[in-house]
Amino acid sequence: MTLSSIIWTVVKILIVVGFIVNLSAILTWMERRQSAMMQDRVGPNRAEITVFGYKIRLFGLLYPIADAVKMFTKEDFIPPNADKVLHSLAPMLSLFPPLVVLGVVPFTDTLCLDNLHEVVQKNGVVASNWHFFSSWIEQPSCSLPGAKNFIDGCCVIGCQTAGVVHQPWAEHFGTCPANVAPGMIGAIHMQVIDFNPGVLYVFALAGMGIVGASIAGWSSDNKFSLMGGLRAASQLVSYEVAMGLSIVGAIMVYGTIRLDEMTRWQGDHVWGVFVQPLAFILFLTAAIAETKRAPFDLPEGESEIVAGYLVEYSGMKFGMFYMGEFIEIATSSALLVAIFLGGYNMPFLHRDGITIAVGDAVVWKQHIPHILVILMQAGAFFGKIFVLCWFQMFVRWTLPRFRYDQLMKLGWRMLLPAALANIFLTGVILIAFDRTGTEFQERMGVVGDFVNLATAIAITFVQLWIVIGFFGSTQPAIRRNAFNKRARSAGEIVEKALAS
Amino acid sequence: MPQPLVGSFPYDKVKGTAVPKPTRTASEQGYVSEITKGIAVTMTHFFKNTRAMVRGERPDPVVDPMSEGITTLEYPDQKRPYPERFRGVHRLTHRDDGSPRCVACLCCSTACPAQCIYIEAGEYGGKDKRHGYERYPVKFVIDELRCIFCGYCVEACPCDAIRMDTGVHPVPYDSRDQFIYGKNMLLAMASQAGKQKHENPRAEPPDADYGPIERLAGHH
Amino acid sequence: MEPTDYDIDETDLELPAEPMRLNMGPSHPAMHGTIRMVLELDGESVEKVDVQLGYLHRGFEKMCERGTWAQVFPYTDRLNYVSPILNNVGYALAVEKLAGIVVPERCQYYRVILGELARISDHLTCNGAMAMELGAFTPFLWIMKGREHIWDLLEEETGARLTHSFFRIGGVAKPPRPELKARVREVVDAVLLILDESEKLLLKNRIFVDRLQGVGHITAAEAVQYGFTGTVLRATGVAYDVRKAHPYLVYDRMEFDVPVGTDGDNWDRFMCRLYEIRQSCRILAQACEQMPDDGPVNVERPEIVLPEKEAVYKTIEGTIQHFKLVMEGALIPAGEVYSYTEAGNGELGFFIVSDGSGTPYRVRVRPPCVFTLQGFPRMIRGHMVADIVPTFGSVNMIGGECDR
């Protein structure tokens, strides 16, 4: 542990915590405005501050600040018969785990400090000094002896370029030219904690979330709280199982439990969601259940048990639960991204730049300096988290709540068997895949490339669609007096109702 | 113990049409596909509304309250005029010379179900044209907190002296005494169109078109 | 002192299992209308419910004995505060029955139109709030938008959004506006569109269906024994609708169906309300077709109906009649009568007694809610705490008319 590694660790912690805490604040705004847009209303937009006489509203982005001020200045109420120590401990216990889970999630590829301006390949070779016009389908020489062809920054003889193949993780080091071994000065692993348990650590800490909720429920001295705490405990324990088992299939495919290795595998082949679609859905379901939000918000169950374990909390203690909930959304999204949605990888964005290639046919290649690649990867990672949070909001505002026994049935009778079946199927397919010849595996590699191509096209299309739809098109979004024009079709509805 | 249906309900007279039961097809039972469809419905709303907000094409809720999309008013900034029949805060109508049309007959305070109107009647002085002809309200007080805005006072008024067409809903104040509207306050209110005069066609002594009928002074 | 281990028999070591008493309400998010339920819970399932009402008691019936017959209308607004027009109609019909009045045809259609609009708003509120309490907030707000259209229309017609106080004995406070029919058609279309969209989120969503189907069921025989009326009764399969069984106003000229359920569970109640909204739209379409565009709206009974304002201003007869009616009230002949109409929740009955004076001797209301509420413990027994929410929502207890 040298001084520089400590400094870098602190920097990484600041990046992750800063991002997540700010994201959770933005998520509160997003939840309010997004649900408003879904529900045909405007949403909160009136919080304003006056700076030098200018009134600034920022579309309601100031609400999180107003919330914070309100929560800090509110009375911190502890019920007279409550267990005061546990009552105060519970919010911390529920805020802390989701925050530290993110320690093992890599947010970019290994950063080579010495080669920021150069093009660094996957195997740690500097391809060339980067010039803007120098790199049209340039084939750098392969430095390993015996290599025939050079694709994707990787000598063909050394590593499999594509294909759904289980590979030893050691080949996928994001090595740096200066020093081949990772973790030394000059090669910085962009995850806070660089250690082997990976996913196990995630589950160990995610399980801690139960403790906060159930302690809060028990210590509040309120029957509604107690029911909320019990519901939280049983719900989280049940879904922890489904969550853990759903990921086993993915672990089998990736051959590792380290999240950075998983991400690299997805960069080399295809995103995990395409090889483990069932596991993705199961994990998403379980992750939403872990965040205790609709349709799984039974522990809080507004209309049933008032606010569940939150009943007796006020002020910043409530604020911590509230923040923990939003951080948990961001955390679960980050895990989903790292395990199933390619982490920081975008299709065809490699360590040395953009290479659009299907099989051996390289369509287009553009070298990009290392620092830009790292920034693009970070952007991709945080962008994916954002999109996933956005999607979770849709789920939350579209679906009604489960009932307690239905929730348990879903967890134990649907998700758990499905996860087990997924493990079984994955195992069978993996064995069968290993028995097939290299030719078939290479063909699968080409299929993987096509999937990547489709993903890239889909992402581009959606972005274009949003940009053009929002700003380009001249057709107004909502026809004015639309109703009168739609009256004719509505008249048909009345006719239908009359006929029924 | 449940007993067989008895009594005179006309069970046979009316035949009901049974409502459908949930279909519960395989795709519905599997959650995922129907949930995706539901999210697609909400997403349509989201994109439409966000796009309209971003482009500033939102239909104006003041003039177009029945369009699709967002029609909520941002209240203190945007206000929709109240309909013509809306029963708002009361006003006392004026005569031509600006005096209240009210003759203190106590019809409105009698008709008021909430008993929120207090009137003290007084006689006009000896020199006044209306002396001996009619009375006037010395005090006319409406407690707008007790008022239930039923409009009975307007209906009960025989000379169009009290009206509720101000288009002002009861304004929230800080303290209760501010809700008690006195005669001057009520006289200061105008209708939505800005009128303060009454529309009673019958001319009374101080009105401009009051006819030549003179009553003897002291005639009661 | 705690007994030590060797003092106790093995059999005593089992944990004592006594039900948990949980006090739901009167201040609780799901207990709209301030009602209190004392639950005895075994884990999450409900063993016993004690429903206690009376937290919204305002002495409605006693207050009615204070003023004139006409001054009761504002009180009826506050009975079922989700569909006040229907209460107004019910009370007006009761007094008219006692006084032997039949209002002119135009007024009857006007009452039907406004009443059916109120019924739609009642059912929209009930279904929307029920979905909202189950966590589906988005369809609720869409539905509220539809209700807003209806209330805007009612405000234009009556002058108030909620407390209309619009109908009078022997007629109506103001004649229908000329644009009424066009506006009704417009509003009905808008509501149906919104309803279709909201249904997309609910009816095929298994989470929602599971919460409703098979929960809170009651048999037809029990429902009749408890005295259920309205949608809660029809959901059990009994097609008793006052509008069909004992037609009043002009309902016998309307063509509409009575949606009935089969099991009497939450799903049937929910669906019955949805289909009743559509039937109300049918009635509205027909009423708009048949309603005459001009003609009197008030009955020709000078001793009961206030004279025209013009007559009050200009003629001494009108003024005298006006003063008589305002000061003394309309004199309703002595006697007693029970009149019942189909309100939002079921049969809303008014039993009124007159001693021949201008003041009611007794106004007794038969609210549909009390009867459905007394069957509520029967519906919920054996289900879970979470089932109280949709069941109580679908019973549609309105505190105003329940406690009066």
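Letters A, B and C mark the chains as written, and numbering starts fresh at 1 in each.
The definition used in the following text is that a contact is a pair of C-beta atoms (placed from the backbone, for glycine too) under 8 Å apart; a residue touches a chain by one contact, two chains touch by 3 or more.
What you see is a predicted model; the values in this text were computed from it and never measured.
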Q: Weigh A-B against B-C on C-beta contact pairs and write down the one with more.
A: B-C
Q: Please indicate the chain closest to the centre of the assembly, with centres calculated from CA atoms only.
A: C
Q: Just give me the whole-number Å value for how far the CA centre of chain A lies from that of chain C.
A: 48
Q | Whole-Å gap between the CA centroids of chain A and chain B | A | 53
Q. So how far apart, in whole Å, are chain B and chain C when each is placed at the average of its C-alpha atoms?
A. 23
Q.
Quick check on chain A: which residues sit in contact with 2+ other chains?
A. 38-41, 397-399, 483, 486
Q) Which chain B residues touch at least two other chains? A) 35, 38, 41-42, 45, 66, 71
Q: Could you list the positions in chain C whose residues touch two or more of the other chains?
A: 138, 145, 186, 190, 201, 205, 207, 257
Q: State the interface residues of chain B toward chain A in the complex, per the touch definition above.
A: 32, 35, 38-39, 41-43, 45-55, 57-59, 64, 66-72, 74
Q. Inside the complex, what are the residues of chain B that reach chain C?
A. 2-5, 7, 9-11, 13-24, 28-29, 31, 34-35, 37-38, 41-42, 45, 65-66, 71, 82-87, 105, 107, 110-111, 113-114, 148-152, 155-156, 158-160, 164, 200-202
Q. Of all residues in chain A, which touch chain B in the complex?
A. 34, 37-42, 45, 281, 394-395, 397-399, 469-471, 476-483, 486
Q. Can you name the residues of chain C that touch chain B in the complex?
A. 67, 70-71, 73-75, 138, 145, 148-149, 152, 155-160, 163, 165, 173-174, 177, 186-187, 190, 197, 200-201, 203-207, 209, 213, 219-222, 224-225, 234, 237-241, 244-245, 257-262, 267-268, 271-272, 274-275, 306, 309-310, 312-314, 319, 322-323, 326-327
Q.
Help me check something: in the complex, which residues belonging to chain C touch chain A?
A. 20, 22-23, 28-30, 44, 131-138, 141-142, 145, 186, 188-190, 192-193, 196, 201-202, 205, 207-208, 210-211, 257, 278, 281-282, 285, 384-389
